[in-house]
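Paired with chain B in one complex and with chain C in the other, chain A is shared by the two complexes that follow.
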Partner chain A sequence: MAVQTVASTTDSVDLGPAAALSCRECGHRVPLGPVFACEECFGPLEIAYDFSAYDTEELRKQIEAGPANIWRYAPLLPVPADVADKPNINPGWTKLVKADNLARELGVTGGLYVKDDSGNPTHSFKDRVVAQAIEAARAFGFTTLSCSSTGNLAGAVGAAAARAGFRSCVFIPHDLEQGKVVMAAVYGGELVGIEGNYDDVNRFCSELIGDPAGEGWGFVNVNLRPYYAEGSKTLAYEICEQLGWRLPDQLVVPIASGSQLTKIDKGLQELIKLGLVEDKPYKIFGAQAEGCSPVSVAYKAGHDVVRPQKPDTIAKSLAIGNPADGPYVLDIARRTGGAVEDVTDEQIVDAIKLLARTEGIFAETAGGVTVGVTKKLVENGLLDPALTTVVLNTGDGLKTLDAVAGTGLTATIRPSLDSFREAGLV
Partner chain B sequence: MSVNVRIPTILRTYTGGQAEVAAEGATLAEVIADLEKNHTGIAARVLDDQGKLRRFVNVYVNDDDVRFEQGLETATPDGAGVSIIPAVAGG
Partner chain C sequence: MAVQTVASTTDSVDLGPAAALSCRECGHRVPLGPVFACEECFGPLEIAYDFSAYDTEELRKQIEAGPANIWRYAPLLPVPADVADKPNINPGWTKLVKADNLARELGVTGGLYVKDDSGNPTHSFKDRVVAQAIEAARAFGFTTLSCSSTGNLAGAVGAAAARAGFRSCVFIPHDLEQGKVVMAAVYGGELVGIEGNYDDVNRFCSELIGDPAGEGWGFVNVNLRPYYAEGSKTLAYEICEQLGWRLPDQLVVPIASGSQLTKIDKGLQELIKLGLVEDKPYKIFGAQAEGCSPVSVAYKAGHDVVRPQKPDTIAKSLAIGNPADGPYVLDIARRTGGAVEDVTDEQIVDAIKLLARTEGIFAETAGGVTVGVTKKLVENGLLDPALTTVVLNTGDGLKTLDAVAGTGLTATIRPSLDSFREAGLV
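So, the complex of A and B:
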């Protein structure tokens, strides 16, 4: 098969239990390599594993004795067994916060948890996926890392590249939040603004990869996407292990490309097949902003294809109008009995403040989307308040301060007790 | 109408490794039919059994995603650039 990179498609790379790449659409298999789309049908290639040698209890012990980061799950990821010894940013094992105050506000009685991925090294879940891509880039001999990004990924790639000794050159829409631009640029790699939206940036990167100008580059979310995407499985693993090796009944997950939701489902299915959790039903709900809701619109219309939209929302990290994994999100929401819902920008801001006020967690706009959608799902009866529910917060509110602009001082007073009393604060 | 078609890496086995080829046609459907004449097998990779664009293929005429235009009936003016791109990128 044609591969236009310096690296070659090979059977001999050491990526642990990863055995091959398999097309999610048609099942066509190819050897591990820096390829992402099926040569037969253009469908997404994903990692096929060989877990046949694993003993459930031995595996559980190995995981529990592992490091407090995603590498405790190395036996289930496309990484070499000695991955923890290599320079990487070692994300994961973030807090699963029991959100009793938020639960009371929302009327959830079955246990509500927030998986708070703002605790990762660059303050978003993207560190999980980039950590996988770094290992694939090493295996395939790339020296430059790149990506199309709505902001969080740019920072994660910049940091991971700096730590692992790669050059980085990443592409973002030119009008991103200033916090994300600074957080991406500070690591010293090249950061290029593209005059267009995320889908324009993504298209540019897809064309660059087929051009000599992009030769030798590992695009974490294009030619390394099958490996990169697997990082989202670690969210599923951690949630279950932190619940005492139990599946939650319901999960509320944000949708940008849909990759994260799709891989969380894959991770849960793997845990069931490996016997690490009980085989029982769970529901996955997808969350979008109304201003970029192609999957939600398709879900509500009963469609199994997603019509692209031109995004217009404050939730820029979710502003992908042409989501690559949208059809699979629809499949998973319907298969598990979940749903896909969306909220307005105003509801997103209200939800950011609600989460901050009740649990002391300052979420970026994507977290406002999941909390806002959770509230809406309870109100419209789609989410059962009596069941254990996990809501994802995938990024830190410091990245999207503009969203809560206007939140500030209660009062400005002179440094005197009289002034304090006069302000009505006693 | 003559247009330039950018070919993604996974289809270059059909174009002898060429990243860009010329094709004729007043609409995208005609352009794909003309591509098939000169590069046998390529149409079946881009279109499904019903003759529709596969769901994981994005096609742009100049800068416009044809899904926002008229799909396979999107006009392809003389000199236009047509890009065929795998959709499973990003995120």
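So, the complex of A and C:
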């Protein structure tokens, strides 16, 4: 595992309350830098903060007076205090939609909300994590932003890099659908097709990080991963603030690598410790597609270890067969009294249509997964319909139009009232 | 011209500060109802308000304490005071992006901003106008929401109707591209293909409004048009509030029917009259595609009358060859010291890429028109680069991917460092 030499030292790095990197497994601490694996045990590094100086009510006031984007939570993120003045695409503060129509259809009576992250600048939650990576890249003096991707991340990196004044170079499988290539290419960065599959692309990126050719390059989800991952905490912060500084009782969160779910839990725990919300139980449920359900399978079998799968599902943004944070997800689901469940591709499509038909929200396949899983969890009694429940939609249906390509005209008529009447629409 | 019988009377209608409908041509007033043409002169009806009771500073406070959507301006819109509690897709409060990178490329030094309406729920400004029509439809007791459309409006109506609990029935040309059909159909309303072109669809809708079969139907841009059109005022309100309750010096606004531009001017005038902004000059510039430039042609020729064109441009959301509000647009452009300009399809594509490359904003073709026209106006000296300028992007690039289909991979390589080095990317 390549641990890159760091040009900047902690002394010269201002990332706000971020104090150090700390190993999730063994607790070993290292200075802030573009590293992602513990030198002692190879465990994942995450940000350790110093929040000790905060007064709860002052912090709440500061947040509430902040901008309508993730930077209202700058005091809780690895970013400098003046982050809102820097060029960034400023994601977040997306709608928490009270979904009464959907609740009625699902039989949820305790209040059902959809956190709709399709409202982000490039229409997926990836903008949240990339925005953090951008600030870390700035702090470490990187000039090129990079990643491997098959979709949402490529667009998020391209857009954020363009606005922030970074060069970008994104690697994708060379045979990606033309639409996805266009969405990623339009921002004008380098977009390199790799002759091979997504695994080949990832392997190549790992090589590049350890090579002189990759010097000055920040790979948002590799050597900047500890910073990048923190972006998901903002989903937890926003949900609680939008509920009036209250924890929801239940959350349904999609699982790809599992990072988002673990960071949402981290965010909720921070709010409790800071006194911004009352300490009370909450349950976190993980949602997968049956065609890529390694965590769900392990959960149901009572295993602590996640056995990799070869993905085969329309929910491509969740199709990670060997999720790095799988074991942590299992732990959180079990510890909080949640569960991990999966749905078929057909159920995903049905759920996309259900959400659109009831709330006017057109979700990506990942949103079909969470809504479909919510429905299943109500049916099998694992989710309590009498409790306040928040379901995440992490992306936009415009990016996965193929999934609902069967949807079409309800009738075709001639331009006449007679023809209209014959169609039986009145 | 069909003037529908109104079930509800003004007495029973609570549309907040809306006091009556008033003819734009002759000033004749009629009670609030689902009518759109003056019974005296056939001129267009618009909303007349009673703002007389407002105290400036109290109003400002009320707005600033309001929700992060258009309903913060409820006191200035034809909606009931409790509108924010009703099911609606709650558009607006989209980002006003300080576009410093774009400003540098265009040579604008006085501050350049992009009002990015791709952040709306269905990713176009149409959500603003449909949201008003929904509240009017509720007030008048309509149960079905309808429109003719070739794109953005169909999705906006489908989504808003779904959430607000209306039946929807949208009419489109039967041979629309499959992608656009899917985007409109996913919300589960009736989507009817008409065998004919867009003119045939419109003609059919006009027949339906006058027929018993159309009873109880609100056509958002026909019999609800006076209410619908007011939604565009919120763009003016938001821009000024986001600038710190300050009028911009110059605005660049796209022209389809011309309604949006005229309502933005109306909104700015209202803010001045209410004392919410300082009274000072501002210039409004209209932007068209050369392939559908009836207002631009009339402007340049010094005419007061707009001669219809047959549209032929990639900017399909602006392709109205006979714009109803064309003469009003000409008047506003001339009165404020602005202008009307047009750009070619090639310039539209270049401008989409320019905006994406500089600010990470992927605009619909309509956004390419406004950015392209801004560039042209700087070059020909009609727009003063030393003044504060706001450019509107009214839609999302994901909806017009074909326009930039030529964008693609910058290189294809084998998954090896040697192959990467050969490609000359480092």
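Following the convention adopted for this analysis, the second predicted complex is superposed on the first by the 398 of 426 C-alpha atoms of A that agree within 3 Å, B and C clash if a C-alpha of one lies under 4 Å from a C-alpha of the other, contacts with A are read in each partner's own complex, and residues count from 1 in each chain.
Keep in mind that, in the parts below, contacts are C-beta pairs under 8 Å (C-beta built on N, C-alpha and C of every residue); 3 or more make two chains touch, one makes a residue touch a chain.
None of the values given here were measured: they were computed from a predicted structure.
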item	value
Winner by number of chain A residues touched, once chain B and chain C are compared	C
Partner chain in contact with A:L191 - chain B first, chain C second, else both or neither	second
Touched partner set for A:G107, first chain B, second chain C, both or neither	neither
First (chain B), second (chain C), both or neither touched by A:V181	second
Touching partner for A:P308 - first (chain B), second (chain C), both, neither	first
Which superposed partner A:N322 touches (first chain B, second chain C, both, neither)	first
Partner chain(s) touched by A:P67 [first = chain B, second = chain C, both, neither]	neither
Contacts of A:P415 with chain B and chain C, given as first, second, both or neither	second
Chain B versus chain C as contact partner of A:S206, first or second or both or neither	first
Common ground on chain A, meaning residues reached by chain C in one complex and by chain B in the other	203, 207, 211
Residues on chain C engaged by chain A in the complex (per definition of touch)	68, 87, 89-90, 93, 95, 100-101, 119, 121-123, 155, 158-163, 165, 169, 174, 178-179, 181-183, 185-188, 190-196, 200-201, 203-204, 207-208, 211, 213, 352-353, 356-362, 396-399, 401, 404-405, 407-417, 420-421, 423, 425-426
Chain B - residues contacting chain A, complex	6-10, 12-13, 17, 19, 45-46, 54-58, 60, 65, 67-68, 83, 85-91
Touching residues on chain A, where the partner in the complex is chain B	1-4, 25, 35-45, 148, 198-199, 202-203, 205-207, 209-211, 219, 221-222, 225, 229, 256-260, 305, 307-308, 320, 322-325, 327
